[in-house]
Amino acid sequence: MERQVHVRVVSPITTLGFRRKDTLKSLEAPGLTVSATQISRGPGSIESEYETAMAVPDTVVRIVEAEREGVDACIIDCMGDPGLRAAREAVTIPVLGPCQTGLHVAAMLGQKFSVLTVLPRLIPQFENAAALAGLPSRLASVRSLDIPVLSLEDDLAATQSALVDEAQRAVEQDGAHAVVFGCTGLMGCAAGLRAGLLARGIDIPVIDPIPTAVNIAVALVRSDLSHSTLTFPLPPVKPMPGYDMPDLHTKAAE
Amino acid sequence: MERQVHVRVVSPITTLGFRRKDTLKSLEAPGLTVSATQISRGPGSIESEYETAMAVPDTVVRIVEAEREGVDACIIDCMGDPGLRAAREAVTIPVLGPCQTGLHVAAMLGQKFSVLTVLPRLIPQFENAAALAGLPSRLASVRSLDIPVLSLEDDLAATQSALVDEAQRAVEQDGAHAVVFGCTGLMGCAAGLRAGLLARGIDIPVIDPIPTAVNIAVALVRSDLSHSTLTFPLPPVKPMPGYDMPDLHTKAAE
Amino acid sequence: MERQVHVRVVSPITTLGFRRKDTLKSLEAPGLTVSATQISRGPGSIESEYETAMAVPDTVVRIVEAEREGVDACIIDCMGDPGLRAAREAVTIPVLGPCQTGLHVAAMLGQKFSVLTVLPRLIPQFENAAALAGLPSRLASVRSLDIPVLSLEDDLAATQSALVDEAQRAVEQDGAHAVVFGCTGLMGCAAGLRAGLLARGIDIPVIDPIPTAVNIAVALVRSDLSHSTLTFPLPPVKPMPGYDMPDLHTKAAE
Amino acid sequence: MERQVHVRVVSPITTLGFRRKDTLKSLEAPGLTVSATQISRGPGSIESEYETAMAVPDTVVRIVEAEREGVDACIIDCMGDPGLRAAREAVTIPVLGPCQTGLHVAAMLGQKFSVLTVLPRLIPQFENAAALAGLPSRLASVRSLDIPVLSLEDDLAATQSALVDEAQRAVEQDGAHAVVFGCTGLMGCAAGLRAGLLARGIDIPVIDPIPTAVNIAVALVRSDLSHSTLTFPLPPVKPMPGYDMPDLHTKAAE
Amino acid sequence: MERQVHVRVVSPITTLGFRRKDTLKSLEAPGLTVSATQISRGPGSIESEYETAMAVPDTVVRIVEAEREGVDACIIDCMGDPGLRAAREAVTIPVLGPCQTGLHVAAMLGQKFSVLTVLPRLIPQFENAAALAGLPSRLASVRSLDIPVLSLEDDLAATQSALVDEAQRAVEQDGAHAVVFGCTGLMGCAAGLRAGLLARGIDIPVIDPIPTAVNIAVALVRSDLSHSTLTFPLPPVKPMPGYDMPDLHTKAAE
Amino acid sequence: MERQVHVRVVSPITTLGFRRKDTLKSLEAPGLTVSATQISRGPGSIESEYETAMAVPDTVVRIVEAEREGVDACIIDCMGDPGLRAAREAVTIPVLGPCQTGLHVAAMLGQKFSVLTVLPRLIPQFENAAALAGLPSRLASVRSLDIPVLSLEDDLAATQSALVDEAQRAVEQDGAHAVVFGCTGLMGCAAGLRAGLLARGIDIPVIDPIPTAVNIAVALVRSDLSHSTLTFPLPPVKPMPGYDMPDLHTKAAE
């Protein structure tokens, strides 16, 4: 298994410049190449089920394109995992959602975990994600920073401080033994949150879902694993008026 | 509470003539008007998560339009409940998915229930729906007729016969005490299935989800109830490149 | 389906004048007639499992009588749903318990719900009801007003105020996105509670179980649905010393 | 703890001579006295929720009488545990239902268990009992002999043979590692079933719920334990027209 | 069933004099003899999964010896139930863990229960025990006194006072209706805790797991019950370098 | 993140030559070194809870040694995950059990999964593992090949053929969408099983737990993640008569 693994991170939002390219490049490691793309049709950011839904069609297109380019695995860069199930039906390479991946990794590392997200309105989304992952009993709580996605970087110190406070409450009030970022816009804040918690005597894993999902994707590729075609069978051939979708069956027949 | 209740059934597929208008009209009753519409952009029929996802954007548009026209409640005419959560964020009138509604009604009427659907590939969808409805312990099984949606009417006798056979297996092998149709294309087959089962000595409720959802929608309207704004808050104002979506906030401000 | 639906509300308590007739009449709507009756043997009000049990025999008699009079559906007017299972065995028309019905409706409308009941001693009853409904994961909490049933109307302002306070705590401390009255003696308080919560910025569904159950009963009748005879089969013919019960089998043979 | 423990077995049916006195006497052991009584108002036998409900009022009376006579604990002699919750509210001595007790003992002894009952119509009752006991995940199956209660002794060889066959199926098809009798009319059949299963190479615990509940009752009395007054508080003082119930509060005040 | 039942309590720690012999002797009752032993290889006390694991080999040896001496049942004297599953494979007499037993008894007596343990680090152990017992829904909370096992008796008044405070919090904040000691070092404190709680108006069962397990063991022996050989089959014959284990098969062949 | 990751595979059995060194070496990849060790005190192979328990003490010693040598992560080479929790308390580097890891990976890739193990007696172990992983709802079944561990390689063709047959039954009868090997002695059989299933038209992920755990360990190391110190705190300093354990605190103080 000497070959280089190529993981593509697909951003399901249309705001340009939200994720800096070098941030993702920093995830590269021996045997791992990371590339990035984003959708051109859909929401500027995702903070609702409505925006999640609108992000799906173009996200699936980007993932089909990635597979055709020879990419080994794709990560959807949003904790709503938009298009995860649809994209898995459309391609055979592993497609990972940072939410599903992060919840399972958290469950492997400690007794219960909390999700730290940006807005209270996203709480049901994570409760549903835990139920669909089969992990409802491990979710200690979902806590919100009450900061919109696109404002997370406006005052990074405030964001970091809110993270430490909410993580401490998750541990002390909700019984969390690990925390997972509930927005991929928080990528890069794990080391700071770890340090902030250690300063308060709390030593727990902090799961930064995008780096984690990229590394788990490599693990799957190296283990010759991808999602099940019984759960995610190829869609039937049918017209799709109003969308310019790739021909999934031609590709599959290659 | 003397007023007429107007329920709109929104078909999330682009195939014309799939559902005959008089079928839905037959659901009208004292105090109840039923109207219908369908999407113009999206899948010809829905038999995958991929097609479910592509149906959502236009389904939400139709539901927003319905609310603006003064419709009292909307039903999404597909057992995948496509766009249920997104549409509930966008409007304040009740939006019902026949799947979610049918599962709860089945749970009220008997100990466990089975879903009778069209294709094996849809089984995980119903298992997930039961989990999200909070009802995993009541789902006895999901059974498939192995007939594509658009072929259900090609040989109605074969469809009816397959329904009776699978329902009997659900009762005798899986412990079902009620059955729910797992495809709204089966609408109208309940009386025939009931008769077929009674001829075999099996007397159980057969839930035809569209008529049931229409009647439950009336019950909600008459009870002054709609979905929770805490679970389904109005989406934020943001550009949505590539889509021509209605301005949800203007409407909300009315 | 042009016919009038007749729903009978059966009060399982012996206190006269507890529920005013015009309150139930106000639930009538196009196509819906509502009538009422109550038991003559059993508890004055129901605030314990002991009283619930003593209410069952006569409640079943009233429901059997209703079916024989041609009533289309019965509602048991107590959140303990006394006699729900026994009565369903005895008749073929739909019998609804406001508790079971209210919990399923709440689960359809929001992520999690709380029950607001009258006395702390009733909390286990609602936890058990949620478990039997298959909905334990959706019950956020059960909160008590600490006011006995027959005193609810002594100081209606105090009752309303306690409702608003507990509902707010349910939302803010327990994560409820909807509330259900945990005593049918609270019937009629929904509009006031909604208004009180809106004044505090909380916009959630308030489920008043008797009106809701009446309207859901109409939906079931119009959908040609009743409870499953596999879950609720007719009891065997046997003597019942000490009780003057109707002959269930003669009726069934009609 | 030298004193004799007196356990009373209360039969909630009105058929005379169903349970022979010497059968219960055979359960006596050093430190244990067993006595018996039965109701005079209620069903001849219990094979439905309807009959279960009608058995409750007089069963509670018998248990209150037992406590007043100085009995140390009561067992309700029916797997429907009729009146268990109501009676626990009315007395402070331990009241055990053989169903609840048998399920917990089975869960202590093996991975999963099956219930072997008399009629298919009782299956939901045991599924609900497992849910209320908090043990749904441990119930492998409920299997029926298809023999009415009062016919169990008509052909004891047939009953024993049906027990062995169904127990074997429970082990081989359902994954049961223990079985619990699902009707107290099967009392005394455990040794025969054990022998029959051992002859087929199956060595599992067979829980005969009445002897087990009697012995567990002694364990609770010797451990100074009874049910919680928070779960089962004393009912309020209120008239109960149509019933001649003991004054629970006078007793409690003693 | 006239014979004397002999129960052996096996202490899985190497600290001498921790449990006074007369404490266990006080559990004797008509028909019941209690004896005690302890391991000579393993931890001084058990406050971690690491120590639990190190206690298992010698605990199993002691239990095999007890069976060979004719003891009727064994209790493992630690709430971690160390070696419970391994020992059950090795012997046919009942082996009870006070944790598993205590949780089931608590679940029989009230709606939900809390565990009161000595150190916060043990909380996950009890959550896992509840999951393995099939009882996760009945565990209200695990609360810690924050006192190491071997210091419990240093200041008995402080221990008792901490117990009352935490039990009250379990009832008032977590909804517990019963409490279970989460360390067998607390044996003997039940009466004091009951009295302390009654003085604060709280009347709930307090489960002292060792006395309870001893009494439940008698109940199992008198009911001719032991653990299932399907869940706990005899281990295969194989060398075990580094351990001097008894020959389980010779014994089994006796 | 340029450094080489060193993963140590610790075999918890004393049989020499069971796992060939080159098998593990074949898992190496760019950036990954794999080494191996085994215990010298404990069972020859593990097919019972008894043997699992006896393997733990020396397994923990090997893992503590690995951490002191600078190894980055350890894998315990047995599907019973012996010593996983004890070892995690003793070290700060990630320790992975192939069972826990394999179940989570399976849950990420498909709807439900089955475990294919060697002996029926191990079935409860996997049901318990799924419960402790928080994944009981995703376990479709545990199926047994009925071949002892040390005989798996005696007739590799028979082993492969039994694997394909049981995997097909898992899919067709139990609804599995993925399978996980339930014995690490099956390592290396995944490609053959995949091919055998594809020849029967079944395309599902086959999880070979040791390679998967090794690759997931790399992912954790690269993501700067290890288990939670709140779930797995360092054990207290105490004598451990009869064992020659390393001083965990000296190490921790380094």
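All chains are identified by letter, namely A, B, C, D, E and F, in their written order; residue positions are counted from 1 within each chain.
Definition applied: contacts are C-beta pairs under 8 Å (C-beta built on N, C-alpha and C of every residue); 3 or more make two chains touch, one makes a residue touch a chain.
As the structure is a prediction and not an experimental result, all values here were calculated from the model.
Participant: If you walk from chain to touching chain, how few steps can bring you from chain A to chain F?
Facilitator: Minimum step count, chain A to chain F: 1.
Participant: Could you run down the chains that neighbour chain D and chain E together?
Facilitator: The common neighbours are C, F.
Participant: Using C-alpha centres only, name the chain that sits farthest from chain A.
Facilitator: For chain A, the chain whose C-alpha mean is farthest off is D.
Participant: Thinking of A-F, which of A-B, D-E or B-D forms a repeat of its interface, with over half the contact pairs identical?
Facilitator: Repeated interface of A-F: D-E.
Participant: I want to compare two interfaces, C-E and C-D. Which one has more contacting C-beta pairs?
Facilitator: C-D is joined by more C-beta pairs in contact.
Participant: Compare the two sides of the chain A and chain B interface and say whether they are made mostly of the same residue numbers, over half shared, or of different ones.
Facilitator: same
Participant: I'd like the Å distance between the centres of chain D and chain F, where a centre is the mean of that chain's Cα atoms.
Facilitator: Each chain reduced to its C-alpha mean, chain D and chain F end up 44 Å apart.
Participant: Round to the nearest whole Å and give the separation of the Cα centres of chain B and chain C.
Facilitator: 27
Participant: If I count partner chains per residue in chain A, which residues reach a count of at least 2?
Facilitator: Only 111, 124, 131, 136-137, 177, 231-232 qualify.
Participant: Between which chains does touch occur?
Facilitator: A-B, A-C, A-E, A-F, B-C, B-D, B-F, C-D, C-E, D-E, D-F, E-F
Participant: So in the complex, which bits of chain C are touching chain B?
Facilitator: On the chain C side, the touching residues are 1-2, 4, 27-32, 96, 100-101, 104-105, 107-111, 133-138, 171, 177-178, 190-191, 202-205, 207-208, 211-212, 215-216, 218-220, 222-232.
Participant: In the complex of these two chains, what residues of chain F are touching chain E?
Facilitator: Answer in residue numbers: 14, 40-45, 47-54, 56-58, 60, 83, 85-86, 88-90, 121, 124, 128, 131-132, 148, 231-233, 235-236, 238-243, 245, 248.
Participant: Would you mind writing out the residues of chain A in touch with chain E in their complex?
Facilitator: Residues of chain A touching chain E: 111, 137, 175, 177.
Participant: Going by the contact rule set out above, which residues of chain A touch chain C in the complex?
Facilitator: Spelled out, the residues of chain A in touch with chain C are 123-124, 127, 131, 136.
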